[in-house]
Structure formats: C-alpha cells, structure tokens
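In the two complexes below, chain A is the common chain; its partner is chain B in one and chain C in the other.
Coming up: the complex of A and B.
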C-alpha cells in the first residue's frame, strides 16, 4: 500500500513532466513557455509555503525571504564563475536551509499572528539588506550582468528550450519531494500540530522542533523556486523578496486551496491567467484581482480546489446516505 | 507508581492547591472529587507538567518530575484526557490514533515512508477496538458525537501506552445512560491495560460504584480520602457537598 501510493505519485509526476515538456513544442508561442515557467517558479513558492500554511497551520507572511535568498545566492555563485550549476543549486539550497534555521528558530516559538508578523519582519529585514548592500547585490537595480549558464554533464542551458526542460524536471522533482512529505508520518504529525498543537504536545510531539523542521524544508523548497526564476530572467531583483511576493504566494493558496495537495498550483495558474487576461483589458488589474479574491473568500470560504473536493464529498455522502438508511431499516426489521 | 507530596500552588492571591499529599498505588483506579473550584483540574495540571507547583514533589516511577515540561512527562509515561475533548477535528479516528502511535514509537520524523505505516497498525486497531469505535474508524473526528469525541480523546492518551492515565471528567456533558456506558469503558480499559488511572468525576453514584479509593478536594486541600464507604459516611464531605445542615445524604448512605 505504501509502495502503491508512491508509485501512483511517480506516475502522475511522469505524466505532468511529459505534458509540461511537450506542450510548448506543440503550441510554440513563446508567451506560453514564459507563462509556464512563471507558473512553475511561483507555483513552487506557493506549494512550499503551503507546507507551512495548509499542513502545519503556520501562516508565514515572509516566505519570499527564502525565494529571494535562493535567487541571489544562486545568481552570485554563478557570477563568481567558480561553480557549476548543480553545485550552485546545492549550495543555494543548503545555504537557504541554514538561513531558514536561524530565522525559524526564533519565529516558530511564536504563535498565530505573532508568528506571521515576525516572519514578515525578517523578510523586510532581508529585503532592506539587499537594497542597501549595493556593492554585492546591485541594490535596487538588482543583480545585473546576467547569470552565466556554463554547460555541465554535457547539458547546455544556454538555449531557451533546454533551460525550460531543465526547469520542468527540477519543478516536478520538488513537487514529488513535497508530496512524499505530505503523505509521510512526518506530514501527519504536522497535521496534528495544525489541528490542535496543545493536544499534540500532550501526545509526545515536540511541536517546536517539528515546526522548525518543516520551516527549514519549506525555506529550502522556496529557494529552488528562486533559482528557477533567476535562471529564467537571468538576474535577481529585490522585488522577489518584497512583501508583495509573499502576499502573492498567499493569494495563490487562498485561490486554489490549502488542503488539497495541488491546490496552490491551481491557484498559481488561476492567478497568472487572471493577471494576464485582466491586464489586457484594464490597467486596474489589481482592483479586479482583489474583487475576485474577495468573492472567493466570502463566497466559498475556501480555495477553489478545496471547495470542489468538499462538494464532491458531500454529493457522495448524500448519495450514500439513503442506501445506508435503507440497510439500517432492513436490519432493524430483521 | 505516583506519589504527590506537599504539593502547593498559588495563582497570585488564589491558593489553588494547599499542601496536597496523595499516594496512587500501582494499578489503582482512583477518583478525585470535590465541589466546583476545588482545584481538581489544577491538580492534574500540576502533576502533568502544565503548571509548575510553588513547592512540593511529584514522584513518578521513582523520580521527582517537578520542573519537567509536559512533553517530558508524557514521554515518561503519564498522559491525560481533557474535560472538553481535545481532538484533531480534520483527521479521521484512525489517522489521529495512528499518528499518535507513531509519536509514541518516536517515528514522527520519518520522511521516506508513507502513512499509514505497518508497525503502527495493530496498535491503532487494538485501541479502536477497545474503545468500540470500529464502525467510526473512518469518520472525521469533528463529525463524531460528543461521547465519541470524549472516547477518542481517551484513545489518543492510550496510544502513548501510559503507565498513569489522568482523565479529567470523562463523563462531562453526557446524559445519565451515556455516563454509565462511558465509565464502564473506562473501568474496562483499566482492567485490560492494568494502568494506574486517576479520574475526576462529579457524579457520586459513578464514583462510589467504580473507584477503589476516593480523594476529596475542597478549596485546594484534601478534605477526606478513603474507600467509597468511608467517604459516603464522612461528615466533612457531606457538609461540603450539601451544606452543613443537610443530613439527607448521610441517611441515604446508611440505608
């Protein structure tokens, strides 16, 4: 059963990967590929944030701190010219994990709104470091001069197509890792913390350490999202670490849903589509987005994917209920 | 197994626990009773590590556990269920109990395997069976009836394989029939598991029927202790519960 679950996920991952790779070669409009890369980078950011929000009940407002640290660390490493792309990614992920450990060690001791605010504070702190340390980061101009992509293991990422395939592979691998965490005993222990931390504590769960663990993991995953985006735009910008980027990830979760594993990805696609089409018609696209999100929050009271899942569940139960009742009556008569 | 010595706790001006000393022998079933505000739940909070007493000792399994965190106390083998069921609303009965069994097995940090894990299954099923929740195993905890939620709360505590189990009003908020069913289950699992069980209870009939020993708290101090018969005849207890000029209770007790 355990194996079956993993194999099923592996199968889904393979299908998604194939679709992701094939689609831009069938519909060759460059804007489609751009769209997909944005969805992958921001979707990965939202998915990693949802390990905190949806799985552990930790609403972080500062998750983009790790997104921007991923982008800058990777960009700087590549510009130094001393390491290859895979090594740079590895160092970036580990470096961000250490950063997340330091920030998390302070944040996870706080609860609810205090946790949210302190994560936001740390993010703005990192954002201002990037803005002010001009000699290293280029300040508000961002990391200029492009990010070199030297070939490794015979893979040359200088062409758009190969970069896209590389990004899709990394994206799917990260989703698969997060899916494994979502379904693991660790993931279920996090659900205990989300539902009732006090009770979890009385059942032998070390909630501070568990929260720190998932905070580091989510930070590391967000850094990969930052790497993808910096590779794609061949640079890194302070806006990656501005609070609006964290806000966007939270929007994606609210739009898509936090309880279904793929909810944030659905949210990322919807948000990107909305932004794309709305900005064609009006410059006030922020206003339209706000209205849509308000409608979903007030109307559905949950993300779209969660709503659909609940709706299907209710319908199934409604169908099953009369049958059950009939069986019960039969039993009583007998 | 558990021995409390000269336990004392103040909250500002409120003296919630006054010099309480009680011995709970290994494998005993003990009731803690007392009027509202007597300090029963505070007593549980003190021994389970939620609050730190101002003075006194709590000897559990041979060591003084005062100053240990509630997490450490749980891991030493003392767990509790709550007056208002503390459960995990969005998990099913099986998921909640299995995740707790995994916590007990110290496998909460397992990333590379899938939930549910094989070695937790037998234990999970055993607990569900013991509580009689088998037909609700797949139900979300928030959709359970009040009584079943209280049972699940106890089941979660049981999943930690405690040596000492603290039950804070297992029958709170239940109707008369349901109370007896509930307490029957508590007595049953005490017999099956051979644990030391402490429970807080308001219903005198229930207390007198099942408790081996009874300790009465009033204003944070031990007012009386003894077997059901001794407590039933104790004039202080009767006065505490019914007022000093009420002798109906004594008459019933002697009848």
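Coming up: the complex of A and C.
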C-alpha cells in the first residue's frame, strides 16, 4: 500500500518536474520564468508552514524566520567562497534545523494563539539581529555584492535556464519529501494531535517531541525555500524575515486551503497573480490585500479552497435530492 | 559591550537619574499597551494582534488634533477616545464574527487590519516620519532630582500612566462592574443567563483595551517619531511584557514593563547589541520555568 502510494507520488513528481521544465521553453517570456521561481520559493515556504498549520494545527506566525535564515546562511556561505553549492545547501538546512530546534523547544510547549505570538516574537528577534549585525549581514541594505555560483559536478548555474532547472528539481524533491511525511504514520500521528491531543496522550504519544519534530522539519524546508529565493535574486534581504512574509504565507494557505496537500501552492499562485494585478493599479497593495482578506474571512467564514470543496459537496447533495424527488413525482404521474 | 560606561553612569547620579527616567517612560508606555492587551485576552480570550494598530491610531489622532487645536489636553482625549471608538467598531463588525473560530481566521483578520491601517496612515499622513514636538504646556524647566534633570513631560507621563493603571485596577477589583467583567471572563453563559448584556460588555472591554493603547499612543506622540508601522515593535515588546508578567494580571504587567524598561534604558549604555537578546532570553526563561508568567494565575492556554 505504502509502496504503491510512493510510486504514484514519484510518477506525479516526475510529471510536475517535466511540465515545470518544459513550460518556460515553450513560452519563452522571461517574466514567466521569474514568476515560476517566485511561486516555487514562496510555495515551498507556504507548504512547509502548512505542515504546522494544516497537519498539526500549530498556527505559526513566525515561519519566515527560517526562510530568512536559509537565505542569509546560504548567501554568507557562498560569499565566503570556501564551499560548493550542494555543501552550502546541506549546511544551511542543518544549521536552520538546529535553529528551529532551539526556537521550537521553547515554542511547542505553548498552545494555540500563544504559540502564534511567540513564534512571531522570535521571528522579529531574528529580524532585529539581521538589522543590527551590520558587519556580517549588511543591515537594512541586505546581503549585497551578489551570490557567486561556482560550477559543481560539471553543472554550471550561471545561466538563467540552468538555474531554473536546478530550482525546479529542488522544489519537486522537497515537495516529494513533504508528501511522504504527509502520508506517513508520523503525519497521521500529527493529525491525531491536532484533532484530539488528549487521546494522543492516552495512546502514549509524546506530543511535545512530535510537535518539535515537525517544527524542525518545517523549518528546514522553509530554509530550502530561502535558498531558492536567494539564489534567484542573488542576495538576501531583511524583508524576507519581516512579519509580513509570514502573514503572506498564512494567507497563501488560506487562499489555497489547508487540508489539500497542494493547496498552499495554489494559494501562492493566486496571491502572486493578485499582487501582480493590484500593483499595476495602486501602490497601496497592503490596503487592497487587507480588504480582500477581510472580505474572504467575513464573507465566506473559511478559506477559499475549503469553501469551494464544501460548495461542490452541497451542490452534489442538492442535485441528488431533486433527482430523487423528480423520479418519485414521475412515478406518481405514471 | 561597554560595561565601564554602564558602571560610570551608575556611579554618577546625574546620568543614573536620566536613565531611570528613560526606563520609567519606556516601562509606562509598555505598561499601558500591555495592560490593554492583557485585559482583552483575560476577558475575551483572544490575543489582539492588531493592538499595535490602535496604538498607532492613537498617536496619529493626537498628532493631528494637536496640529489643529494646539491643545495637548484635547489631543490626548482625542487620541484615547478615537482609539477606543475604533476598537469598539473593530470588535463589533469584525473580530466578533470570528469568536470561537479557527485561530487562523482571527490571525488573518488582525493581519488584514494591520495592513489596512498602515496603508491608511500612509495615505492620510504620508509615509515620512512625523514629529509632534513638545506641547507648550510642558515647556517648563526640567525638574531636578539628586543632581539629574528630568523633563516635566516625563514626570507627567509617569504620573498619568500610573494613575490610569491604578484606576483600571480599582475598577476591575473593587467595583460591581469589575466583578461582572471578572465573572464574564470565567463563565459568559452564566453572566448572560443573569440578564446581563454580554455583547455590550465584550464591546466595552475591547473598547477600554483599545483606549489604553490609544492613551499610550497619544502619550508617546510628543516624545517619539511617528511612522506607519510604529505599532508592531511596541506590540512585540508588550507581548513579551504580558508573557513575563502573566496574561490577565495588571500588576504583573506593571512589574514586567518596568523590568523591560530598565533593561532597555541601561542596556542602551552598557550592551546595546544585546538588549533584544536579553529581553527574549528573559521571556524564554519565564516560559520554561513558569509558563503562566510571574503573576499569572492560570496555566498558559
């Protein structure tokens, strides 16, 4: 069962990868490739956050802390010129995992909104470290001077096309890993913790350890998203770790649905499109975004994708009911 | 790290007095914001992420009223009442719709409000920094304490915040309405069954909480620069205060706010780069040792 599922996921991953790689070569507009890399980076961030929000029920409001730490660690390692890209990625992921372990060890003891607030507080702490440690991070100017991309194993990332293909491969690999977690016994344990923590406790589940585990995993995945973005913009900026980035990631989850595995990516695409069109008409896109969020939350009282799923289900039921009735009436007439 | 500077400041009374007064005003502003946050959490059970937006609203309303009328009293009242009114509207039309919902929804609503307020301020007041300047009423010679000088406005700010805090404490602990509000925090159904309009009370509590943020904003306006987005940093700090002091405890908020104020004021001389780290460190230690905070009664929910 597990094996068949894995093969199916592998097949889907291969299809997605091929589509991702082929599309920009058919439609060769450079803005499309930029759009796709942005969606991959932010989509990965939102997906990793959804491991906490949708799977475990931990609403983290500070997930961008790991996004920014990924971007900065990778950028600094590459600028030091001592390591190759794969080694730098590996060190970045491990380093962020350690950071996530330290922060998570404090945060996961708290529940619900407390958890949201303390993750936000730690994120702002990391943001303020980046702003004040000017000699290392460049302060509010960001990490400048470009991130070198020396070739490794004969792969040269200096051209836009090869960088894009490399990003797509990493993106798909991360999605595949998260999919395995989503379907694993560990994933179902997390759902149990989300839906019924008392029961999980009775069954002997070590809740704190499980939560810490998924927190570290989500942090590590977010750091990969940060690596992708820093590779793409060839720099790292403190805005990556500002609270609005975390807010956007949460908004993406809500737009795309938290219970659908690929929901956050759909949300990332929708939000990028929304921002793109809003910024054509006005510079105050915070205002427009805020109004859209309020309209969705107060109008639908749930996320868009969750609403659509419910709506379709209701319609199916409604359709089934009159059909039965009609059949009944027909019989009566006959 | 410059501990010698810190030691020499502490040994000269002039410098010590200046830093203590700075510590007190930082602490008092945090106390005002944090007690509002704590009150709203204690009664309504929600953490108002948009609380910083009300602080900002209070500061800007005070700023514009002062520009128009050049009366500090009017500016102060307008800032406090304006923020309170915005709070009531926000509670009635927006946050009350997501009571008992997923916290994801509560968080998103507050996120939306912060985005909208920051952009509204940019549209109305412009993105640049604003300075209100010291009101004429307080253009007095600074008061002397043990060889150090403290501006008259600082003294006013400290006295005003402490008396408002004391009033709030008295109102909650000693009056009939305070008793009802404490009951509301524990068992809203029962309070409603006794024929008390709980909807109105919720709105009123939210309004008072926002008003405290507005008071902090209008008190801060003469001493700080106003920028869109000024609410967030004080929100984070006042959250640290409520965690250290204990959610729902006004006295705890006061103690923790002073602790943070002193850390900030003296840290700025001795170890400016580590101030944030020490604040977060204190919060982490409190959370590990006593998750309910110094004076919090219930376990962190």
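Operating definition for what follows: the second predicted complex is superposed on the first by the 307 of 334 C-alpha atoms of A that agree within 3 Å, B and C clash if a C-alpha of one lies under 4 Å from a C-alpha of the other, contacts with A are read in each partner's own complex, and residues count from 1 in each chain.
What we mean here is this: contacts are C-beta pairs under 8 Å (C-beta built on N, C-alpha and C of every residue); 3 or more make two chains touch, one makes a residue touch a chain.
Please read these numbers as outputs of a predicted model, since none were measured by experiment.
Touch criterion not met for A:130: it reaches neither chain B nor chain C.
Of the two partner chains placed by superposition, only chain C is touched by A:114; chain B is not. By the touch criterion defined above, A:44 reaches neither chain B nor chain C. Of the two partners chain B and chain C, more residues of chain A are touched by C. Contacts of A:289 after superposition: chain C is touched, whereas chain B is not reached. In the superposed model, A:64 makes contact with neither chain B nor chain C.
Looking at the shared chain after the overlay, A:265 reaches neither chain B nor chain C.
Using the contact criterion defined above for the overlaid structures, shared-chain residue A:301 touches chain C, although it does not reach chain B. Those residues of chain B that touch chain A in the complex are listed here as 48, 70-71, 74-75, 79-80, 82, 86-91, 95-96, 98-100, 102-104, 107-118, 156-157, 159-160. Residues of chain C touching chain A in their complex: 46-47, 49, 94, 97-98, 101, 103-109, 111-116, 118-120, 122-123, 232-233, 236, 239-240, 243, 273, 276-277, 280, 283-284, 287-288, 291, 300-301. On the side of chain A, the complex with chain B involves touching residues 1-2, 5-6, 180-181, 183-189, 191-192, 194-196, 198-206, 210, 213, 259. Touching chain C in their complex are the following residues of chain A: 53, 59, 61, 106, 109-114, 116-118, 120-122, 124-125, 128-129, 132-133, 243-244, 247, 250-251, 253-254, 258, 284, 286-287, 289-291, 293-294, 297-298, 301-302.
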